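Next, two complexes with chain A in common: one pairs it with chain B, the other with chain C.
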Partner chain A sequence: MSSVLVLNLVWQVGTLALIALGLAIVFGQLRIMNMAHGEFVMIGAYAPVITAALGLPGWLQLPVCVITVGAVALLIERTVIRHLYGRMFDSLLATWGISILLREAVELIFGRGYQSVAVPVPGTLYLLGADYPAYRVVVIAGIAAGFAALAWWNARSKVAGRIKAMVGNPDLARAIGINTGRLSAASFVFGCTTAGLAGLILAPTVRIEPMMGLDYLIRSFFALVVGGLGSLEGLGLGTAIIAGTQSLFGAALSQTHGYLAVLFISILFLWLKPNGIRSSSR
Partner chain B sequence: MASVLLPVSLLLGGLLLVPQLFGDFFAYQIGLYLIYGIAAQGIGFLWGRTGILPLGQALFFGVAAYATAHALRDVDGLAAQLGLAVLVLGGIVAVAFAIAALIFRGRSDSGPYFSLITLALVMAGEQIANTATGLTGGFNGLSGYDSLGGLDPFGNFYYLVVAAVVAVSALLLWLDRLPAVLIARAVADNEPRLQLLGFPTHVIKALAFAFSALIAALAGGLFASHQGIVTPTSIGFALSTELVILTAVGGRFHVFGPLLGAVLVGLASAELRDSFPYWEICLALAFVLVVLKAPGGLGEILGRLYHRILPRKPCKLPEPVQAPVSRAGEAPAPLRFDDVELRVGVVRILNGVRFETPASGIVGVIGPNGAGKTSLLNTITGNLPPTGGRILLGDRRAVGLPPHRALGLGIGRKLQVPSVFFSMSVAENLAIAMMAGRARWRDYLRPSPLGWRAPGLDAVLDTPAVPLRAELDRPVGALPQGHRQFLEFAMTTAAEPRVLLLDEPCAGLSHDETTLMTDLVRRFQADTGGLVIMIEHDMAIVEALSDKVLVLHQGRVLAFDSYDAVRADPAVQAVYAGGTK
Partner chain C sequence: MTKTLKALLAGAAMAAGMAAAGAAGADIKIGVLVPDSGPAGLFGPSARNSAMLAATQINAAGGINGEAIELVFADVGTPPAEAAQAALRLWKGEGVQGFVGMHDSAVREALVGRFNGKVPYVYTAVYEGNACAKGLYVTGETPSQQLAPVIPHLMRAEGVSKWYLIGHDYNWPRDTNALAKGYIAEAGGEVVGEEYVPFSVAEFDSSLQRIKNSGADAVLVTLVGGGSVGFNVSFAGFGLDRQAIRLGTLIEENTLAGIGAGNANRLFSASGYFASIDSDAAGSFAADYAAAYGADAPALNGLGQSTYEGLMLLAALGNKAGSMEVDAIEAVAEGTNYASPRGDNTLAGRHVAQTIYLADGSGGAFEVETAFPEVASTDGCED
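Moving on, here comes the complex of A and B:
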């Protein structure tokens, strides 16, 4: 295996893990099946398009992304999601509608056509005997550092436990002093914002268009199916298997084959191991 | 039959008038919307009855459309074309059934997993349609073939579409009155209960999905012939989404809802799509609003208006019919636990439980909270498969089987919190229970099983103090807790299982109701000569009913003997009097 292929694989796994992290929080912890998760990736990817259109300097991409995605997520949480805690199937329906709405709104503003943005870190790095885009190396390092920090924080913080308590019994959680409204809103917005960040990161490497989110929704969902809900190791394993399968089959045969292989593996897991490789529930 | 024939003839009459009143081109447009409406009716059937939301129906629609285009282009003769159509439809049904059965096996929810898989499937289909140019013509699609049977798409083909709409609607209306759809609705209502009544819910869900796929495929075949061209958009994600929106807006609970949605949204889209840029957003917003505020869509709103003008007739109860013999009531057999262990995560719930009951009689199970009493029943019915040991019913192993197989072994179970079909009437609940262990495949397509009665159920209903007889047509959701306990007892015993598991049947009952329930339990045991295993905290009930008492403590059997012997046991006394044990 050439080293470029390995680095590509790491890139795929890293970005997918970032997207799946948000879904793991919203779906795994809050029990909201967010069908609009991919649309937050999409909105995040439009952040450089926004700054370019407004003539803002490049360093504002990050704040623009976080503010846009965060504001949309908060608005949706306060108006729709708030009523859907504890009603997973209804959440699927409502967020499905929201995903259509977000796609149509973005299409109305930016048009249906593809957009592309420049890579913020140009040039290549010589790594493992091959030239590799410096931007991707920087991003991989950033994501790795981010996940390390998250794992460290998760081991010490009580937030995960509080979220679990809130989802398990909202009334009791309120009675012991958890501000459930704020906690659930914060978790939802955090989950969506990580997806938006992933979109911003991916923006220079993909075609930006209103429909782009669907593919990320499906792949990150399958990563959770394979890895199981409720642990960071499961998330890592799941994304590695899904992104790995897609990259390998995609490189060896075609993108369609990669996609079909991922679909096949996911159906196999739902059939034989419905709780994933790692799961906190069993 | 009037409830099927009248609306269908009205529909037929209305649709036949369209070309006369508005001309052929308008009829051509309506024909397309009706084709989408048929596919949406399939979604409505699946989503409105079983609660499963398919997000990828365009896959079946599109596959059938491509197959039709190929058949019309490359196969000569109407008979050969229709034969091929039957083959393709059969293949689609088989694939849809297999996928759904695999995914639903081992899980009792209709939740997000299946919807996501259907979404992924349709996206895969669209990708293949775009790339496999040899098969699908790629981006440009397949075209340049004649319409089915040489009918004119802008003329008489409309009548074929009308015939299909009327046939599908009649079929769906007919099904809605049959046990098949009652069972499908029970899946959406309370799947664990339906499994304990012996119904393989994953097969039911897979059948419903395959049926909806068949309807979508039928619509796809019509579409190919009607439009004269099939492109990847016919198999795509966008069409799938649109079909779901049509179903939701039109109303998924009524057979005509999706048709209404398809025609109204189709007409409005044709009018507004180009002139009003916010149309698509408005449509998406309408979908969100329907989901949040009016789950029944337009169909329900119109239905309510209609019933305000013409009040609903009180629904007639089905004719009582003698039911066939239950397959659950084989010869009584002893239940044996051999070192059964149950661990969930790090928690050890049962630690080597060992006992053997007599084949006949009433066994009371007692023990402090957390002793593992309900888990013991869960291992018997397969809700929690044991992690070690064996459970034998007579000489048959009762371990490792899923819950829907328990009744086939002769095991019936009443749950701790009354578990019935809350959205249905008492009569419907009893009808489902009477089909448990008795119905054969063909019975689900005949109305008579809805009125099945057997002496055992009649005996319960005829007991003067049992309140159910007077409230057969009432919705269960409106019953008080005590009545639900009796309903669930009647439902569990309807199949006359040789082993009856009761989890605190007297919880929440008044003194008189408790006496009544204990009488019913005793009488059921005496009539069937089978085994009753009953968890109970009230020692007076345990003493009055039990032939033997099983004491559980910390996942082990502390004592298993007659009531008096157990009461005299110092170990039991220590546990119950707060000793040092």
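Moving on, here comes the complex of A and C:
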């Protein structure tokens, strides 16, 4: 395997893990089938477009992204999602509607046309015997550090356990003093905000337009289907298998074969192992 | 109940208003078929605006055979059967006497079948060529027009010879590349790779790796829309813009805006229209467009502007024939001339021999580098 292929593989797996993280929290933990997940990625990717339109300096992209995505997520949680905990199919329909609403809203503000975002770290780096985009190297390092920190925090924090308790038995969770309203809202907003951050980070490397979110939803779902819900390990395994299959088949044969292989694996898992490789005990 | 009633009343009022406008002197109705929805929906607004500008100018110049024209729009960004239904409603329901359409080839085939040579129909989108039917006239650029003069020119001017061909997996890219191979061989170059990707693909890492390993110094891009944006962004990200030039035959102003200034180094586009064509006709068209729709109007581009061309050709045909009947138009169509922002145009073999512009997108805005006048289509029609 050439070094570029390895780097491409790491890039694909890393970015998919970052995108799917929010869905793993909202779908995997809260059991809200968030069809609007990709739209939060999209809104995050528009953060640099917002700062450019308002003439704000580049370093404000991050706060603008977090505030915009967080505010939209909170608004949606308070008005719609909070009525739908424990109603997975209803949440699917409601968030599907929300996804359309968000796309139309962004189209209304910025138009249907493509936007572009300049790469903050331009040029290529000579790495492992090949030229590789410098920005990708920075992002890969950032994602690795971020997930390491998340795993460390997750192992120590009791939040994951509380969420599990809240979803499993809301009344009992309230009885032992868990503020379920606040916890679920915080989890939903956190999950959506990570999606927005993924959008912000990917923005200089992808096409940006109101419909872009659809690309990210499907692959994230596949990763969760294969990896299983409820653990960081499952998320890692699922993204590695989905992104890895696409990359390797795409490089060895063609993109069509890569896409076919991903669909094939996802269907096999749904059929034979519907809870994925690592599913949290229920 | 009240809501239904209100909607009915509003509909009736609108119909009355339309009838009144019709009675006020608009005697020839032209159906303009543009995509308001679907993948090409991005081009709907600029296509509508360009068509309305054409109607204003045609009417100011005396209309068609002294009668004013009135445009009736329909959305054809839909599946072909629905698009044909929408066109049929305009034709049989509203009495439209001629059509101008900017849409994909599947919709065109459905319309040709439905019209059956009974109503004049001008097709304006860039397409793969060889559409021939009674009553059908094409203003859109075909691959032979965009590539025959441009490929040898680029090979000489940029000193490139090894081409990699990449496109989406459908007939327009495949037909384009089949012709391109001939032009490349004639000019002494070689094709070092050819690849078609499905529309579902959003990342091009493996394709870019193949391009790098192929040693190509030129890439012909027939990816469309978002795929083209994603490909070109990553292409520059990997520094491949230093290895190879890129030539696209459907990279217009919107696509270039999505690719971004930083990723457009040595990116060329061949088209019959760019907003930045430096001529009096193109300049005054752009000024009229800005005056009519404001500075924030949807950006001008080849696909949107093509509806203007279509209406100008339809008006020229109607005036030359003295009628909007297909038989009368068929008798005089060959050789019909009209001037437009694109330059001087002549109908030959149901297709328009027109000026083809080669523009350089480096820096994020198209700069027209070379103009090839009166390029006829070799994928037009025999009759």
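Quick note on the criterion: the second predicted complex is superposed on the first by the 274 of 282 C-alpha atoms of A that agree within 3 Å, B and C clash if a C-alpha of one lies under 4 Å from a C-alpha of the other, contacts with A are read in each partner's own complex, and residues count from 1 in each chain.
The criterion applied here is as follows: a residue touches a chain if its C-beta (ideal position, glycine included) is under 8 Å from a C-beta of that chain, and two chains touch if they have at least 3 such contacts.
Bear in mind the structure is a predicted one, so any value in this text is a computation, not a measurement.
Asker: After the overlay on chain A, what do you see for chain B versus chain C, clash or fit?
Answerer: clash
Asker: Thinking of the overlay built on chain A, is A:N8 touched by chain B (first), by chain C (second), by both, or by neither?
Answerer: second
Asker: First (chain B), second (chain C), both or neither: which does A:D215 touch?
Answerer: both
Asker: Taking the superposition as given, does A:G123 touch the first partner, chain B, the second, chain C, both, or neither?
Answerer: A:G123 contacts chain C only, not chain B.
Asker: Which holds for A:G86: it touches chain B only (first), chain C only (second), both, or neither?
Answerer: A:G86 contacts neither chain B nor chain C.
Asker: Classify the contacts of A:S254 with the two partner chains as first (chain B alone), second (chain C alone), both, or neither.
Answerer: After superposing on A, A:S254 lies in contact with both chain B and chain C.
Asker: In the superposed arrangement, does A:D131 touch chain B (first), chain C (second), both or neither?
Answerer: Touch partner of A:D131: chain C, not chain B.
Asker: Now for A:I267: first (chain B), second (chain C), both, or neither, which partner does it touch?
Answerer: After superposing on A, A:I267 lies in contact with chain B but is clear of chain C.
Asker: Now for A:Q115: first (chain B), second (chain C), both, or neither, which partner does it touch?
Answerer: After superposition on chain A, A:Q115 lies in contact with chain C alone.
Asker: Looking at A:G168 after the superposition, I want to know if it touches chain B, chain C, both of them or none. Which is it: first, second, both, neither?
Answerer: neither
Asker: Of all the chain A residues, which ones make contact with chain B and with chain C?
Answerer: On chain A, the residues that contact chain B in one structure and chain C in the other are 211, 215, 254-256, 259.
Asker: Going by the contact rule at the top, pick out the chain C residues touching chain A in the complex.
Answerer: 41-42, 45, 169, 195, 197-198, 200-207, 209, 212, 226, 229-230, 233-234, 237-239, 254-255, 257-263, 298-299
Asker: In the complex formed with chain C, which residues of chain A make contact?
Answerer: Per the stated touch rule, the residues are 2, 4-5, 8, 11-12, 111-119, 122-124, 131-133, 135-136, 204-209, 211-212, 215, 247, 250-251, 254-256, 258-259.
Asker: Using the touch definition from the top, list the residues of chain B that touch chain A in their complex.
Answerer: Within the complex, chain B contacts chain A at residues 51, 53, 55, 99, 102-103, 105-107, 110-113, 115-117, 119-121, 123-124, 127-128, 131, 237, 241, 244-245, 248, 277-278, 280-281, 284-285, 287-288, 291-292, 344-345.
Asker: State the interface residues of chain A toward chain B in the complex, per the touch definition above.
Answerer: Contact set of chain A toward chain B: 27, 33, 80, 83, 88-90, 92-94, 96-98, 100-101, 104-105, 107-108, 211, 214-215, 218, 221-222, 225, 254-256, 259-260, 263, 266-267, 270-271, 274, 282.
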